[in-house]
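Chains here go by letter, A, B, C and D, matching the order in which they are written, and residues are numbered from 1 within each.
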């Protein structure tokens, strides 16, 4: 008996497929964290918040673009005869990227339109 | 149809052997059963009983509110009632009902003989049944909590809620959450590893996808609330000030942790239900789901986005406007996946080539679309910050929440009852009664909850025991109450239907709705006679001969090659067969473990410590006995499953399902730890002065270094102990000693960490800083305790000759847990001993 | 579809006749702009609802061109992704604009009033008064047209301050001070209530807000700042029974702070934190049955007071104008 | 001959049940025939005595719970216990220099002479017996429900009892009451005083003596209204106390009125030796008494100060030990039984241990209150 068949590159496939939403999560966590800490620390820190957010957004968008470009090769099938899974994972990757980009941009829009700290009431 | 994978005709007596192996225990031994159908039905039945019980509470509350200034129930009882109603619906009904459906339906949809850890799910179910029942009964003896189902401190601190009431919530619910996590581990490993050969991820039924995301969300969300309940219980019992503002705590920490769980919770409940709808709609239309990929994406995106919404519940707490906006934005993002699903269902209906038959399942699905749509739209409304400021904590939210939860979950659940009963019951439920039930519930629901939108904006806050006539909301409330009774009548009709028509049995007519998925294959206690090779999303539509072929035993694994319970484990993405997993059969150990675990928690609640510890010992003993018996001993060697495939029956390492379960456990423990790190840093931002004061209590560098080295040493010794394992059939003393040494080193490491802080004069009750430092140590200490028990277990197995170089899964799992613990401990050391040095502010 | 139309009609009707604690009868700036947002959201929701349910009905109906178009996977992308993205983006930006334009951005020096939530009543302190802070309870008076900044705190558990006619709610959280800026456009009396569940008598923790023209407000505040009249009938009974342990009546030895301040209690609209109208009988009712009227409230019962003593104390309270 | 019986579980169970039925029937038969004599003069047969003794001992040990035992060497506890023992217990159990009355010696079982036998039991066990009494022995339970604090006074005294000489006992037991005078005339004509414990001054102090124990309040100088309410509450059993209920139960309403009037017009010496006081505690206590803590706690003086209603007791000059003990009792719910008690219970709910100590220290540091003397208004200058 030979070694049982294994899924190669399970982690890479999973991470690639989920990359959009993972980037969103990282962006969201970073942006909220930085803003929260800066507003608590007060003067001297608040000025950095918006530049950091914009930078993070640019970075996130760039990463998303990279994944979109590379998805085909990262998700290439083990067995060229069975393309189903790869096609499916590619579709998932791309649609998730679109939704996540919307999420990232919506977050950034908040930063564009609103003051950094203050309860506004 | 292609050639049979297994030779036919099958040998005489083969099916009888399967029936014998998978037989359900009879009579008084019924509680020992572990078959997913039995356990699933118990699970679902218990959840439904809780639904009815909590519904009766709601009826009493609605009666109290029917007219202004009534005094039907006392203020105090009313406060307990809405707490128990919310808690029961969320924790004892909604999540368990969805997990129950996973346990009940997933193996059938995947044509697996059972889930990979049948006793674990049985354990989870029994623990839930016992714990949940006791929790619910507290309402009858004035011991129920009265803090609202989200239990905000400081109202729930000892000072404002003396007595054991709040502890029943904290320990009871914390315990049921742990049981939910056990179920989720089962579901994740089950969906990923026990699919039939050929069912690659793109062919996994949507319900399987939904349950996968559901379980994944539980992994991340529940640890947050478990940590929160730990904090609150510790503060109540020992006075560690996590939430007391004067000592550097913050009531809002609870809200952050609770809603980090609480908002995903809504989607945790909704996603499986949406998955069910995605199964029923194609059947109604007799067409594949339009936009399968989009729906999968929608499920995944919902799963993630829903973790970015928690502050959505805290818009009125006065946090900066920009923070609110971030969460408002995420709330918008999460609306899109629901839109995708809606249009996909509409498209699937539209794609049908025949007239849609409005049978009961379809009616309930349409009811769901109608109601959940309104819930979703009001959801967008409350995601708008200024509107939220008005609507928050009013009956508008009560209406919105019920539109989402009842529309999103209860209607699909009823659809499910009518749709899937044929696979467990002898006959279908009555269409006539089903229609009555649907229309009563549907109309009643809208009558009850629609007016609440208006009464809320007219000034009716939620959780009020009474309201003055001058508010002008009396008529709306009266209408709501009438609607509530209509819903009750509808549920009553359903119960009558159940009593008249529901008979658990071998199953009657196969596939009465003409569905295309595997759960409608002919079934018996062993699930399907043989396990089909799957090559499309709707195998029953694409291969009409499949049911016959499966029932004839032509597919994979028509026999029981190891002579016991087993199923095929396949690879996670492509579902290539990998090995045969042997599974335990009926037994008392998991039942005893569950009952005594529940008893331990409940006794702790009423502060009867010694008997509680005895119960804990019995429970641990039962678990060890149970685990001891799982390994069936030297295997039958590679066995053939048909189709020319030969598989091993015992594996270790990354392809084994045990290894996967341990990875899932890593995620759970990691989530808990991240929630802790968040809490630590959060309280620092709230009370930096306490952290500054804490600096002078930092132990000398030697303490953390020593502790870290001890823990690393533990991991290294554990790694080496594998080499010391004896050859099969032999036993030695070195390996047990090495394993125990590793556990002792780990114990020494964590002790050094705690002792270092203690000798430096830091006390957990003095400030939130001290409390957080010791809590970090506790989180590691509980893992070390588990490792110690597991190490003892491994050592005993080596001595008994049951653990060797080949069969070393128990040691593998112990090592994996220790590696994780070491990593977590090192990060914690860096955080606890390093962060105070780098944070802002002069020493 | 009918339901949606009915909903609209209902709301339109209600907007005219809503009670004094209603988001529909908005007279504060924030509430007015939120009400506008509410209408926009409601109408938008109804439209989307009609659209989706229309599509669903079409999908269930007779086969035809429309049904075929709906079955197109591109329809899912269009209806499920593109359409919501556009609508939601617009809404989001609109709500941010509203947030930005909140009254807190006005800039003018506001009138400061501190409101502290307690189980289960409200302590109100007019901080900017010339003669020093003036304390009152369970009733808030504010000048029309001026910016008022409320400092909201809690003495025990979390409460939430909500006057729907003027603004959305703000939580009162132990250890924190939250602010709410109000600007009221018309004089009137509205009702507010605690909206964060705060234990026992949460349902009975209300108050009144009275918006009055600035000059009237100034005159009132001056009166409010004055001590109570001395040696009123019943004062002796009031003091001897120990009421001063918890209540303050300025100008008498009663200086307790555990309960609501009572110096001008008879001039307030309600007693018991918005529970009873202020009338002579109701003072008596409150003394006799306050535990029935407001179960769980923290004022002890004085079972041993004789009828005459109750009468005397009620008379005294009535006189505290 | 062979026994053709197979033992099955069912038969064993049936057999056992039959035995049980027979035993019950037998017992009933014996009771019905009256064969067994219940005459106390007979005494129990030996086996019965040892069985009952064994049962009593086991019952006491098994029912005794871990309790927080106060300092039993505290003379305040011992003195308080002594006064009650002499009046209530000695009649059956005897006392140093005073053997058990022959009437009670004829009881079955004979009440044990406690000067010898009290040592056999641990403080927790004694507490349990005094608190709950013993069935079938004539030993009553403590007449003040939920007054565990009082029971500890008895236990402390019982622990001290064995070391007492008759003279020392006599002094302890008599308190401030005059020692029995050898007035033969009165003895012959009126007999011995029937209720020696009814002398208030014996415990509560008088112009010539301070209270015997710091756990006993000074009554002289309180208002008649407050005294009357207290005595009437004891008399009706509304207010619980194993010490005071038996005393007040003997008094008529008229008597109570007279006693209250009398006591209020008298003065009393201050406590003999009060514990060392911490000036900071007194200062904090003064603040609490005058102004409360501003949040939930009301100012004590509003009701307990000079100008408040006459039926509110005054605390000035009472001992810190007494005030603390009473506030603890309130916190535990032991005094929320009368209208005044319920009112106070709501206030004590929120008191912390520290606040209790401070308040007690403050009031103890004040001169003893005197009803009718010039009063300063509540919160006035010192």
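Operating definition for what follows: a contact is a pair of C-beta atoms (placed from the backbone, for glycine too) under 8 Å apart; a residue touches a chain by one contact, two chains touch by 3 or more.
Computed from a predicted structure; not experimentally measured.
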More C-beta pairs touching across which pair, B-C or C-D?
-> B-C
If you average the CA atoms of subunit B and of subunit C, how far apart do the two points sit, in angstrom?
-> 39
CA centroid of subunit A to CA centroid of subunit D, Å | 74
Centre-of-Cα separation between subunit D and subunit C, whole angstrom = 53
Report the inter-chain centroid distance for subunit A and subunit B in whole angstrom, where each centroid is the mean of the CA atoms.
-> 26
Overlap residues in subunit A, where contacts from two or more other chains coincide | 95, 99, 102, 106, 109-110, 113-115, 118-121
Numbers and ranges of subunit D residues touching at least 2 other chains = none
If you look at subunit C, which of its residues touch at least two other chains?
-> 30, 81, 85, 88-89, 92, 96, 99, 102, 156, 167, 170, 178-179
Using the touch rule from the top of the page, what pairs of chains touch, sorted by label?
-> A-B, A-C, B-C, C-D
Residue ranges of subunit C in contact with subunit D within the complex = 155-156, 239-246, 253-258, 298, 300-304
Interface residues, subunit A side, partner subunit C - complex | 95, 98-99, 102, 106, 109-110, 113-115, 118-121
Residue set of subunit C touching subunit A in the complex reads 30, 81, 85, 88-89, 92-93, 96-97, 99-100, 102-105, 167, 170, 178-181
Touch list for subunit C against partner subunit B, complex | 3, 7, 10-11, 14, 17-24, 30-31, 33-34, 37-38, 41-42, 45, 48-49, 52-53, 55-56, 58-60, 63, 67-68, 70-73, 75-81, 83-85, 88-89, 91-92, 95-96, 98-99, 102, 119, 152, 156-158, 160, 162, 164, 167-171, 173-176, 178-179, 191, 193-204, 206, 275, 295-296
Subunit C-facing residues of subunit D, complex | 291-292, 294-300, 302-303, 307-309, 311-312, 339-340, 342-343, 346-347, 377-380
